[in-house]
């Protein structure tokens, strides 16, 4: 089992944190994991992305340069990373911000309106967790309990509100994911 | 009397122009541009006297001023 | 089981350094190494140490020299341009026989290049980019756990031989998070630093210098250094060997390229190709022994590097004409893909078999 | 244009290429770039100017200036400028340098260019932090300021107090023109533009080295909005650095206006 | 006949540089190179040039970068520590493709070492002591006349390939006076420097930079550099071969060691020993061709160097296992004597004959 | 001893090893060495002092000082001293540096040690020339002075004017004690010795960085006899550099005597 | 009343002591030492008052003064 | 023919100049020559030395580390370089300053009181040329005419007195050399 994920969006959408939670949960599951941020002046462009790999064997290539899954939280990110997704891969699209998707026909697109769902859940800042929740059913290297544990370990316990907000958002995402049809290839 | 033209695509929504305009002519748009920034816009054109203060502060050379 | 932490390579070397007893860090920020100096700024005061941000890398290396001369375990972290500016200082540290640990988080060069990972500084690290005849330990991790382990080891090696040790990271290894256990390194018996310049008290004075106009003394000192290097070459080579026993083709790669090559070798083995991997862990002393050994039987070597061809020379020197040595280069801050290497392996295995 | 026609009173200068800038929203670098480019255009010297870039957030700024450009290594711009200066006597040569670039790693090069009275101009962008590398302490960081390498704040007893670059350079005989401006308000920007113009005039008159220090923001690494950061320049940075014209060669009249507010 | 002048090596390279059109010199004094900067200080103003004494070698190399970017022929002279401080700058010059000439009058190192001649900086010069994948021309004279000739040549090579050229002197070659004729170098057809940053006038702007965040562009640039280096390796190797045709043993030595080795080969030939000499004149691109050729017939090689063993690696790479390669080292700033080398030759000629 | 017995009133200090010095006849380096060694002996800190040497004629001076010693690379003594300082809190740490070493190649290290208020002492030996390498121009070389790299004399328009190091360092807040003495006469030597003592006292009191500039001769490269060279210090050098105590921390009383003649 | 002892072997004959002595007690020897320098000597012992000025100036620590 | 000469003495005795004249004359004779000074801080010790080689074939070793001839203008120089002289070599001793010579029995010593001779000739500064004159009859690579030419080329013509003084001293040396017995080995 190896899951190579690229997560991308605007700065401020919590992309890095989302990736870390995913990797952390993968580690808690006893897997090998890597998490790599984009770094350096690219950040200035206002976009952010990171790469996460979860695998039950030693990880060779450290970066998901050809990901199995792409999380596209905004349009420029989708445009940038779409070509790299492996045939048969899944693209999680933030359909609150991305309206038209110039789809490749060898990948599956799952639309989740995470901004809207997060706002509706009263957690407008936690759209990243909504997306992570929606992804869960497609991931083998992590599970809900471990993701929740990872969130707990990464949010200082004194920031209780934040913690709960994130868990709520995760739950919303899991629900949304379950309801969203997965297109066949 | 004057007016300003703001290039919404290169504007980064820093609001320095808004702060600089002591006639309150500028404001933030509601629509993000393609990079996700909320650009400035000439909200009260009637207030603009073409003083260029906004353009002087704009770090992205997004503002042209006409009189 | 010790708890695993998910940390960046840059943080792992920092924490490992502190656990190895490093209490003084001198450095200057540079991407993609800056998390090291930042970690040290945060953590060292908590353990009674100090991080001094120098005005430049030139200054940083000489601050290290001062603290190392005084007998302390010291460390710096840098990259590309910054390490180039330390070359004069590296030469001084070598001549003074002062132990220090330098983490070089390589980025693509020459010049500013970009911030992406690279192995273009192999020569600079292994041949001594500074003037004069000297070498330093160069330890090349291929993951975050190994980065922590080798950092711990490097302090002991540096102290034992009174040498400098470089941890050869790259942008990806530095920025990447992987699970790490911080293990307490086995306690080596190390010689007392009775040479340290901390004030002579009532005893004889200590001098840390590297200059003499007496040609006889110069020659003696140079011979002593050469002897030390010979000893280290004989005793301190380290490597990982994988599936080399029956291999027709042996891939040699280190660091990031090494871990990718390993994946490629896995893929090739799954295809039934007789291919193995030698991953040098010590770049200096270069892990020549396993290559010399396997050169007796292997029919060819493939060196995969993220540069135009540097370690390949060390491999050729070790193979010494016994088999062809090919080079697979990846340039510009890019990394090879496992698929691309597997394909190259497939072609070369074909080639060496035909030659039979 | 969707507006009624009018006379343009402010349009992008021909001194810039028009390429969108990569800086963070609200960053002073863009303001300073534009002001320099305007001055060079107004002086009519775009065709004979060579700019020397720093390493810092402005590493890539050659893309924005419509003039010949040489990128220096971190801190070495004054040395590169000296090389260009001696090679091309008729050129207008300037360096653009951050506080890390000039006041830390490059202080030797800058002081010695000043000592030699090298006929170049330096624009010193002081945002009291290393912007490019993610917010580490600079020599101009204020005491108490938290940065990624002073997580407990800059401590005078350990890190020392900030260097007042204009004050220091004013002590060097070869520095003919020394001024210190800011970017926190339109008025300050205009004042700074005047200083920059006078600095280039000093160079072109063969008077010696000229330097303009410009207080700048770094909203990203200061953790502020751009608007807050401009207020912070006024309230916190200005009181710590000598402002105004510190040294003016005899042939230039003293600036009108004196210290900006 | 042109008049012969008795001049120091340091003066010869300076005068040759001026005659090659160098009008700008940037440098910092250091023994045993200082006569170069002093000569330039005296002579350049006479020919309308300028010598700028920088505050350090770090600064000197970047002053060169500025003047070279502006299209001028520029030069510096340095040694040991000073050259180490230029390594970051050398990396920048390489990435910017800027032609410059650096005279490195080597002294014994590491650190201050002493002021005596040495070849300990071979790796630093030939492998690029700075960061990143780059090479520079390295031309190694063995006497004062050749120092003048190679300096003249180096400006043309540097301009032709937009590369950096190092003249690999040592303390003795720099300080020694020998008779010199300054010959006008053959006028090479050189490309116009239309890239020079002297002010754009009304044309498009010129940029001299070495940074791009676009990985594709990075890769293209790196490949272009690699291609350039391959071309130079194929076309610009230079060497002196002496009595190699029937030689059982071939001595390889350069510079000061090269001229001494030649005397030793003379002595051995007088004793009837079948020995020859290859004296690499280009250390980079390394003169591998004659060695590869003679390795077909020779039974052994002896590399004589004033260091613990650096060029010997290039010789081994060229010989590639076809014959044994021995090393004769001289350390501490000393020079080998012709007698000592002749004796070593005698023993080795015996050894390779026995193996027959 | 072939003289009638008497009480010794001046004998070699235990701060020195007694090894004969390698300097040229009449060179100030020997005087300055002795004065430093005497001060350290008088302060009773020989056992806990670490000296940091320059590259220059004093490259080998570790042989003469009876204390622990670290030789720095050219110009880097303040960085080395910082390393020792941070490693050994109880040590007395000083650098000994020439004008090429400190004011040229090492100006960044010196200024930043001062900025940090590094608790070290610098003895700055200004002989206005590079002695070791055979008489090249230094940043402190006077305008008009012929050196081997200014064969036509130092020209202000080309090489700039000399740096007044004490004056410059007095501008840096972290420099707690700044003084400027000479070696041209017994009186000046005694005055300088007092400055050096106060500089070490500043360090030992934890006040910050201290520096004593000492005007020195270089008869060899100045082309003078030692006696002539001392007169030249008085007549030519002194008027160009700020002399006396420029900065004294509050806990030390101002020196008696003030400016030496 | 005082006297000085000059170590003639390490003296380099720089004459700084002679210049420093305002009582004219010192002078140059006629004999070179083994390094070829003409060392200083106490030429007029009766003039020496042990003021140490000569020793303060001696760069080679060649002079001891007694009183 | 190869003549390897080491010249040594105090600074101020004109050792370097003497070596240069010898080398220059050798060059004028159409020979290969090298001249190498001691350099660096050794100079501080008050001693100076240089090496000259004159040969009719290519010169290998550039420095006369094992000279055929030694010119010792003072005692420390004699002590320092005596052991290096090749068996059968000649040592020219400045007998004005060196009184006892701890001779090796495999070298020949020629005593010339150059200080005295120079003083007597009214050219106290030109003791180097006296010594060079005295050496001439033992040198094959140069001759008197060429040495005189070399002197002329190395002394600016406006310094006529100096030039003549040097030529006078050379002549005195040649005379002294002719009168000085050459010990057999």
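All chains are identified by letter, namely A, B, C, D, E, F, G and H, in their written order; residue positions are counted from 1 within each chain.
Please note the rule applied: contacts are C-beta pairs under 8 Å (C-beta built on N, C-alpha and C of every residue); 3 or more make two chains touch, one makes a residue touch a chain.
Treat the numbers as computed from the prediction; the structure is a model and nothing was measured.
Trainee: What shortest step count links chain B and chain C in the network of chain contacts?
Mentor: Shortest path length, in steps: 2.
Trainee: Report the pair of chains linked by the most C-beta pairs in contact.
Mentor: Highest contact count belongs to chains C-E.
Trainee: Going by average Cα coordinates, which chain is farthest removed from chain E?
Mentor: Greatest centre separation from chain E goes to chain B.
Trainee: Distance between chain D and chain F based on Cα centroids, please, to the nearest Å.
Mentor: So the centroids are 35 Å from each other.
Trainee: Using mean CA coordinates as chain centres, what's the gap between chain E and chain G in Å?
Mentor: Those two chain centres are 53 Å apart.
Trainee: How far is the middle of chain B from the middle of chain D, if each middle is the mean of its Cα atoms, in Å?
Mentor: Taking the mean C-alpha position of each chain, the two centres sit 25 Å apart.
Trainee: Averaging over Cα atoms per chain, report the distance between chain B and chain F in Å.
Mentor: 59
Trainee: By residue number and range, which residues of chain G touch two or more other chains?
Mentor: Within chain G, residues 12, 37 contact more than one other chain.
Trainee: Of all residues in chain A, which are in touch with two or more distinct other chains?
Mentor: Counting only residues that touch two or more other chains, chain A contributes 40-41, 45-46.
Trainee: Residue numbers in chain C touching 2 or more other chains?
Mentor: Chain C, residues with two or more chain partners: 31, 50, 55-56, 58, 81, 88, 92, 111-112, 114-115, 210-211, 213.
Trainee: For the complex, which residues does chain C have touching chain F?
Mentor: 24, 26, 50, 52, 54-56, 58-72, 74, 88-89, 92, 197-202, 205-211, 213
Trainee: So in the complex, which bits of chain C are touching chain E?
Mentor: 58, 80-81, 83-85, 87-88, 91-92, 94-96, 106, 108-116, 118, 120-121, 123-124, 127-134, 210-213, 215-223, 225-226, 229, 307-308, 310, 313, 316-317, 319-322, 329, 331-334
Trainee: Quick one: which bits of chain A touch chain B in the complex? Just the residue numbers, please.
Mentor: It is residues 10, 45-46, 74-76 of chain A that touch chain B.
Trainee: Can you list the chain C residues touching chain D in their complex?
Mentor: Where chain C meets chain D, its residues are 28-31, 34, 37-38, 41-42, 45, 50-51, 53, 55-57, 81, 111-112.
Trainee: In their complex, what parts of chain B are in touch with chain A?
Mentor: 12, 34-37
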